[in-house]
Structures are given as structure tokens and as C-alpha cells.
Amino acid sequence: MSSEGHPALAVPPDRAWINRRGWFFVVAVIIAVLPLVFQDSYWRTNLIVCALNVMLAIGLDFILGYAGQLNLGHSAFYGIGAYASTLLIMKLGVPFWMAFVSAMALSSAAGMALSIFAVRLRGHYLAIASLGFAVIVHQVLLNWISLTQGPLGIYAIKPPPDIALPGVPVISFAGTGNMFYLVAGFALLFYLLLDQLVRSPIGEALTAIREDEVSAASFGINCTAWKVFAFGVGSALAGAAGAFYASFVGTLVPDAFIITESFTILAMVIVGGMGTLIGPVWGAILLTILPELLRGFGDLRLVLYGAALTLVVLFMPGGIVQAVQMLRARLGRLPIATHAGTRQ
Amino acid sequence: MLTVALQQGINGIVVGSLYVLVALGLTLIYGVLVQINFAHADVVTIGAFAAYFFTFVFGGNYLVSIGIALMVGAALGWLVNAAIFAPLRERGSELLPLIATIGVSILLQNAMLLWFGPIPYAFDSPYSNKVMRLWGGTFITWQNLIIILVSTLTIALLYAFMKFTFMGKALRAVAQDRETAGLMGINPNQLIMLTFVIASALAGMGGAMLGPILVLTPFAGTSVIVKAFAIVIIGGFGNVEGTIIAGLAVGLIESFTTQLVNPGLTDLVVFTLLLLMLAFRPTGLIAEKREENV
Amino acid sequence: MRIHSRILCIGVAASVALFAAANAAHAQDKAIRIGGLFAMSGPGSYFGVQDKQGIELAIEQLNKTGVDGYRFEVQYEDSACSPLPATQAAKRILEQYKPHVVLGEECSDATLAVMPLMEQAKVPLLNAGSSSIKITDPGNPWTFRIMPNEVMQGVDIATNAYKRLNARTAVLLYENTNAGIGNAKVFGDTFKSLGGQILADIGFGRDVNDFTAIATRIAGLGKVDVIPTYTLEGQGLRITQALAQAGVTKGGGGQSIQLGTIWLPFGFEQKAGKAALGYVRIVQFDPTDKREVVQNFIRSFKAKYNQEPTHINAHAFDQILVIADVVRRGGKDSQSIRDIMTTTKDFSGVTGSVEFDKTNQNIKMDTIHYMETLPDLSWKALGWN
């Protein structure tokens, strides 16, 4: 890959490092302050759902935007994470954090299994295969009643256990404030992790595979291994989101993970800007808050949503990130390159 | 016992024809355009509503309403292609048009929800409850018979069109290699538009015939679309014969799974079959002769 | 001067009196805020749209005179028939609208999800459409239900099938949802305990359109006396038609009697046609009921909306009447409404009477009306309750 894909090389290393550290600090402060600004349970719930969606969106973007794999079944990994952690806790008495890690591992394994299975498939075939996989997972969750309770649902799921540190008041996650810090904190952590991955040679390899798999192979890149890796990472994040979802909402039904959920997450990635890391974050935030703000519109709400999605794809396929870039260029400032060129 | 098996066989073929009607348009579009259109099933739903309103509100003849629905479908197809696919064609991306059709699908469904409401419409044609007794104690309704007959006729006509007319051959040329076809003096864009219109007309007509069988709400399309995609893949993207065989096969699988196991598991069986198909024979039941980067 | 000051005094006195009167009228013109958690988007809006109609009609009528000086106001939030959107809608309504009492939801999962929030906020939740036993059985002091639950319905209809219809074999047919599975199970357990036999247990998804395969399977089972069917009107219609086409039910020349539940609206028979002949079902709302409250409801509903009311319209209407009754007896804020609601007795609504037991479940069985479909597609009230 040429240096044009690396903003870090366009700017002196020290400056870039400070820039990034600066941004992350700002974000951390914003996360810390948000629950203080929004004191009511309704808006805090929305913030938590935002954070969950950010986790889902960046995970999907890693698979889709960076590795170029058409994954339309992300909801399956979300659901596996939610049910795995809940069942481990409620049926086997596994402590929360162990169940959390196991859920991530299970989702990751499912993702890698799908990827290995679909290793020869490309484009639309992979898309439909992933969709089929999501349908199968949903149907299993729905029909295996003795394991998952199916449509009867699992209720009274407890939030993550209190954390008691010496000298500090007990941190309880029953309230929305602390729960937001937890989920948003993890979302930020995962973002940092992906950011590192993307800037490393692994990121280069993925981009190479995305752009032209045949050439990448001729360079000695093991395409299969990296595709599986991308799926593994992306679905692990979805699994984490699932575990948090269950412990936050307290109620689990299979229909929370139908395939239209995959499309919603996909929309967040596209609207935000596929192939960038910050894009899905914006997409997730916008597409979580927008339906809430549109509640006033009542019946028109989803019509507007569908229209917005279509229009974005038609006129601004690079999503919000592209829009911001264009704005910046218009304002006469130097265009700041993103991590990878937006895929057209 | 034999009666039951025979009847389930007939049921399977009926349900299969239902799926084929929906899947046919999808496979046509894919064959020529190499694009997945998620809004396709919503055209079927709109066709059903068009037929309903023509028959029950306008007081027209049911059989005529099938023609009306066909025209409504054709118009929608023209619109969707002109507004969505044509502009996106230049970009050459696989993903963007797919996403756009997802957006269009959400838009159409919720617009229908606004206009028609969520309460199911009881759409019964003069034929949907008339039962014809066949051999061995089996039966079929007149409506189902109409569906099978019209589907077969349509497929035959389509086949003839593709094989024997100039337009049809040009379409196949565009499907095989758009650039070269263009060099030969064929206007690919016009032909693509034609494909879209034909496919959507089929969908609309299908909707009119399926309306009396479906539970008619704005969400009727979603109940069939994903399975329709599965059928298109199992049969082989762009392959008409494959789609027909796959559609009928899925219908039979469903009716026999219902008989022997549980209706709730039919989706599971069908999609597991799909994944197996993709693993071992991704080009579909009938191997595509085209060179496809699978 | 004196005359002036007298006039001034009278003027001031008059103004004060007027002012006081105006204030008093204002103070009397208080409002009871009712929150409505119903699905307004997606397929679940099937319920929300009808609930809204019933509620609007009731409120319009009550506000003509007010109740003890109180007016009724309602605000709806879209709970989308699903746990997370329902929790979001509940939080929003609790925090922004601060209702005195909340109505909802129709779908059992959504109701179960919002119950803890209502309890925490100390706002009573009045439910008229979810059948899951889990809603009242644990004994939540802040949740009330006027609809008979799945156990009440299931035990009653299974017993009646066995005793009054002499049914000995049955096939359970239900949608794969919380409510479908729950109701079917109660019927099955009761029927078996009486000595009946369940020949098949068939659950189907909400996306099934063609029921011929299921009807064929049932036809192959031999003598089936009753087929309890738990599904909504869209699929219910197709099932009834398919069963008739396959010659299973009376409407198709067979012997089986379809048994149904509350979920099918009035007007179903007209849509199903001859296929519905002999259908015996429980309805939550019986338009042939001669009671004044029922006939008035039908008249005013038709006048306002120009269509026949369904059971969903009726039970939503009743929810408002129940609240009005509580207000009449002194309820004015969340706590007092809750406390007075538990003592509801001798209340007669469109769907039947209301009396709550200690788990706040309405135990009056006259909310379960049995109807049979006659050849001319009209209803015959069987009067079993």
C-alpha cells in the first residue's frame, strides 16, 4: 500500500500521536460528562443503546469495510452473545465477567466458522450465505425452547454484578448512569483496539484483500487466514454487545435478533462511512438518536428512515465521513485523509 | 396414508409455484444486472393491494385486476430502475445498490402501512375457495390451479422470448458481457430497463394471484423474500430452470417437513439446505455456463 | 367621594369573587394523565391502531361532562410490541409526560418488560390484552389486568370442550409466540387431565401464509373432535379456509369443530365465509350482548368511525371506563388510583364485569363469552358463562 493510505505518514509522527491521544482524551471526557448532562433514565437508555450500536457497527465495518466481506448476518453474532452469556449465568451459575468473555469467544467462533465455511464465496453469494446463517441462528433460538425458552422469553436477567473496591463506594450497574459508563467504556476500548489493528500491517493486509484478492494472494498474503481473522474480531465485538444488551434490558426474546436487525447495523455503517473507523460511530449515533427524535412524527417515522437510507446511498455513498470531507474541502482547509479511501 | 402423501405433494407444488412466481423476477434481474433487489417482494405486495382495490373498491373483475397489477408492477419497476439502479450502475459497487434497495423496501413497506394500515385485508377471489377434487381423495383450489397454470404459461413465454426473439437474444448478450454487447450496437441500458420492467411486472401479477392466498398486510412481502433469495441461489443465480426446480423443491420440503415434523422448522431446513448448497455447489443446482467469479 | 369608594369596594369585591370563582373552576378542571404504551409501528401496530380508536372514543365521551371535575388526557408512545422499544417508550412517557396511570401493552413480552419500570416509578399499569400468566401470577401490586389470562381461558374452554361438546380428541394449532404457546399448553394440560387425547401439537411461525399442508396433516389424523386455534385474524382466516377446503371442519363437510380464542374480531365470520360454520370461540366482546353499555358503545363507535368495533376497540374502551370508575371513587394520583383500583367490584364494562383478586387479575368469568357461528354467519351466544 502506498503512503497515501497512511495519514500518520502525511504528518510528522509526533504530531499525529498527539492528535490521536488528544482526540481520545476528548472522547473520554465526553463519555464521562454525558450522564451528568442527561440525568433522566430515558435519554440515558438511548445513550446506552448508542454505545451498543457503536460496538456493533465498528465490528461490522471491520469485516465489511476493511476486509471487504459482505456480511449481512451480523445480528446472528449479537444474538449468540446475548443468549450465551445469559444462559451461562442463569443455568450454570457462571460469574458475569467469565460469561461475558465466553460469549465473546462463542460469537467469535461462530463468525470464524461462517468465514471458513464461506471462504470460497464472494460478493452476493457470501451476502446470502451470511443472511441464511442469520436466519438459521434466529430459528434455532426460536425453536430450541428447552434451551432458550424460545418466544416465551427469558426474564429478570440481572445487570453486571456490583464492583466493590476498597476505599471506594460500591459501584452498582443497576442504574443507567454506571451502565452507560461500562458499555461506552468498552466501546471506546474496542475502538482503540481496532484502531491499532487497522494501522498495523494487519490493516494493510485486509485492505489489500479488499481491493483485489487475487493480487493480494500473489503478494503472499494468506487471504483465508485474514478473512477469518476479520470475522472473528468483528463477531467477538457483536458478542460483547449481546452480553451487555441482555444484562441491560433484562428481557431476552429471539425476535430481538431477527435479520432486519442486521440491516439496521449495516445502515449505520453505510450512513456513517464504510471503510473508516469513525464513520460507523457517527452512523450508530445518528441512527439510534434519529428514530427517537422522530417520535413526534409518529407514523411517518419509518418512512423517513427508509427514505434517508436510500438517499444517503444514492448521493453520499461515503456517508457522513464523506460529507464532512467535502465540507472541509469547501471551507478551504486541506482535506484530511481518512484511514482508507472510501470504497466506491 | 397415500392420500396424505399425495396431497402434501400437491401442496408442495402449489407452494413451490408461489415461490417461483416471486423468485422468477429476482433471478431475471440478477441474470442481467448482477444485482440483488430487496424491494422485489414489496412490488408483489403492492400488486396484491392494487388487485384488491380494483376488485373490491372499484368493483372490477378479478381476472382483469391481474392485468392491472401487472401494469402497476411494471411502472414500479421502471421507477426503481430509473431512480436507483441506473444512477448507481456507474459506480460499479456490489454493495451500494443492495443497500439502496433495502432502503427502498423499508420506505415502501412503511408507506403502505400509512396508506393501508396494519389490519390484514381479507382478499378472496371468486376462485380461492372453490375446491376441485382430484384422484385419490386429494384436492386443489381453483386459485392454486390458476397460479400453476399462469406461472407455467409465463415461464414458457419468457423462455420463448429469450431464445427466439432478437430482444431476448440481446438480453442474454448483455447478461453475458455487457461491454461487448454494447460494442455490438446494443444499448445495454435500455435492455436493462426492459428486464427490470418485465421482472417487476411479473412480481405485480404474482401479487394479484397470491393476494387471495397471502395474509395481506404491508408486511406480506417479508414473509417470502428471504426464502425467495434462498431459492434463487439454490437454483443458481440468473438461471431460470434452476429457480423453478429449486422453488418446487423448497415447496415440497416445506409441506413434507410440516407433515412429518413441525411447521416451525421449515425455515431451518430450507436454510440449512441453502448453506449446504453454497458449500458444495455454489453455482446452483444447474451449473451455470457463464464465467462467474464465485 | 363616598359613592365612589362604595362603587370601588363593590368593584373590588366583585373582582375578587370572580377571580376566586375562576380559580376554583380552574382548580376543579384537573386532568388525569393517561399514558398509552402501544405498538404504533411495524406489524404490532395492528393492535395500536385499534386501541387508540377505543381510547379516543371513551375519552371523548367522558370529557363531555368530566368525572368529579376531572378531565382525561392521553399520550401515546410507540412500544413496538417488543421489549427494548417498550422499555424506551415506557421511560420516555414516565419521565416526560408523568402519567397518573399507564395502559398497555398488548404483547406479553413487552408488558413483562415494562412492568418493573412501572413498579419502580409507582405508576399503575392497566393491561387488557396480554394473556401470559406471568404478568399477574407473581403478584405485582402495580400491574392490573382486566382480560382473562391464559389459565382462565384455557381451563374453561378445555373443560367446556370435554363436557359440553363431548370432545375426546384434539389437535393444538397455535402461533409460535409467547401467547400462542402459553394458551395451547394450558388447553393441552387441562384436556389431558380430563381424559382427552391430544393427537398433534402444531406450532407455526407468524410468516406462514399457506396452511394447506397443516390442514392436510390434520385431515390425516383420523377423528379429530376439536381444533383449538390460537392465532390472529390474518392467519386465522387462512387456517379456517384451509381446514374447510381439506374437509376437516364442519364448514367443509367434516366433523371437527374449530375452537378459538379472544383474538379473532367480530366480523371474522363474514371474511371467512362458509368455512367458519360451527366455529365455537371465546370472544372478549359480544355485540349481541343486550346490556346498555354494550349497545351504546357499538352505536357511538359506528357513529364516530363508521365501522364495526372489534374486541380490541372494546377492551381499550373498557380500560378508560375502569379508570373513570376509580376516579369517581376518589382516585386522583398514582397511589390513590392504584389503591382504589384494587377494590374494584361490581364494575360492568363492554367486555364484561371487573373484580380484581389479590394478584390484581380480573376474575370475573363473564368476560369470557362463548359464541358459535351459525350457517348464516351470525353468532349464537352459547351462554356457557
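First chain written, first letter: the chains are A, B and C, and each begins at residue 1.
As a working rule, contacts are C-beta pairs under 8 Å (C-beta built on N, C-alpha and C of every residue); 3 or more make two chains touch, one makes a residue touch a chain.
Source: prediction; values computed, not measured.
Ranking A-B and A-C by contacting C-beta pairs places A-B first.
Relative to subunit B, the chain whose mean Cα position lies farthest away is C.
In whole angstrom, the spacing between the mean C-alpha positions of subunit A and subunit C is 40. Put simply, the C-alpha centre of subunit A and that of subunit B have 33 angstrom between them.
Counting only residues that touch two or more partner chains, subunit C has 41, 176, 205. Residues of subunit A found to touch two or more other chains are 142-143, 299, 301-302. Each of the following residues of subunit B touches two or more other chains: 110, 113, 262, 264, 267.
Contact residues of subunit B toward subunit A in the complex are 30, 34, 36, 83-84, 87-88, 91-100, 102-111, 113-114, 226, 229-230, 233, 237, 262, 264-265, 267-268, 271-272, 274-275, 278-279, 282, 293-294. Looking at the complex, you find that subunit C touches subunit A at residues 40-41, 77-78, 82-84, 87-88, 91-92, 94-96, 109, 112-113, 116, 134, 176-178, 180-182, 205. Against subunit B, in their complex, subunit A makes its touches with residues 64, 70, 117-118, 120-125, 127-129, 131-133, 135-136, 139-140, 142-143, 259, 263, 266-267, 270, 274, 299-303, 305-314, 317, 343-344.
Residues 41-46, 48-50, 176, 202-205, 207-210, 212-214, 216-217, 219-220, 233-235, 237-238, 241, 244-247, 271-275 of subunit C touch subunit B in their complex. On the side of subunit B, the complex with subunit C involves touching residues 1, 3-4, 7-8, 11-12, 14-15, 18, 110, 113, 117-120, 122, 124, 128-129, 131, 139, 141, 213-217, 219-220, 222-224, 254-255, 258-259, 262-264, 267.
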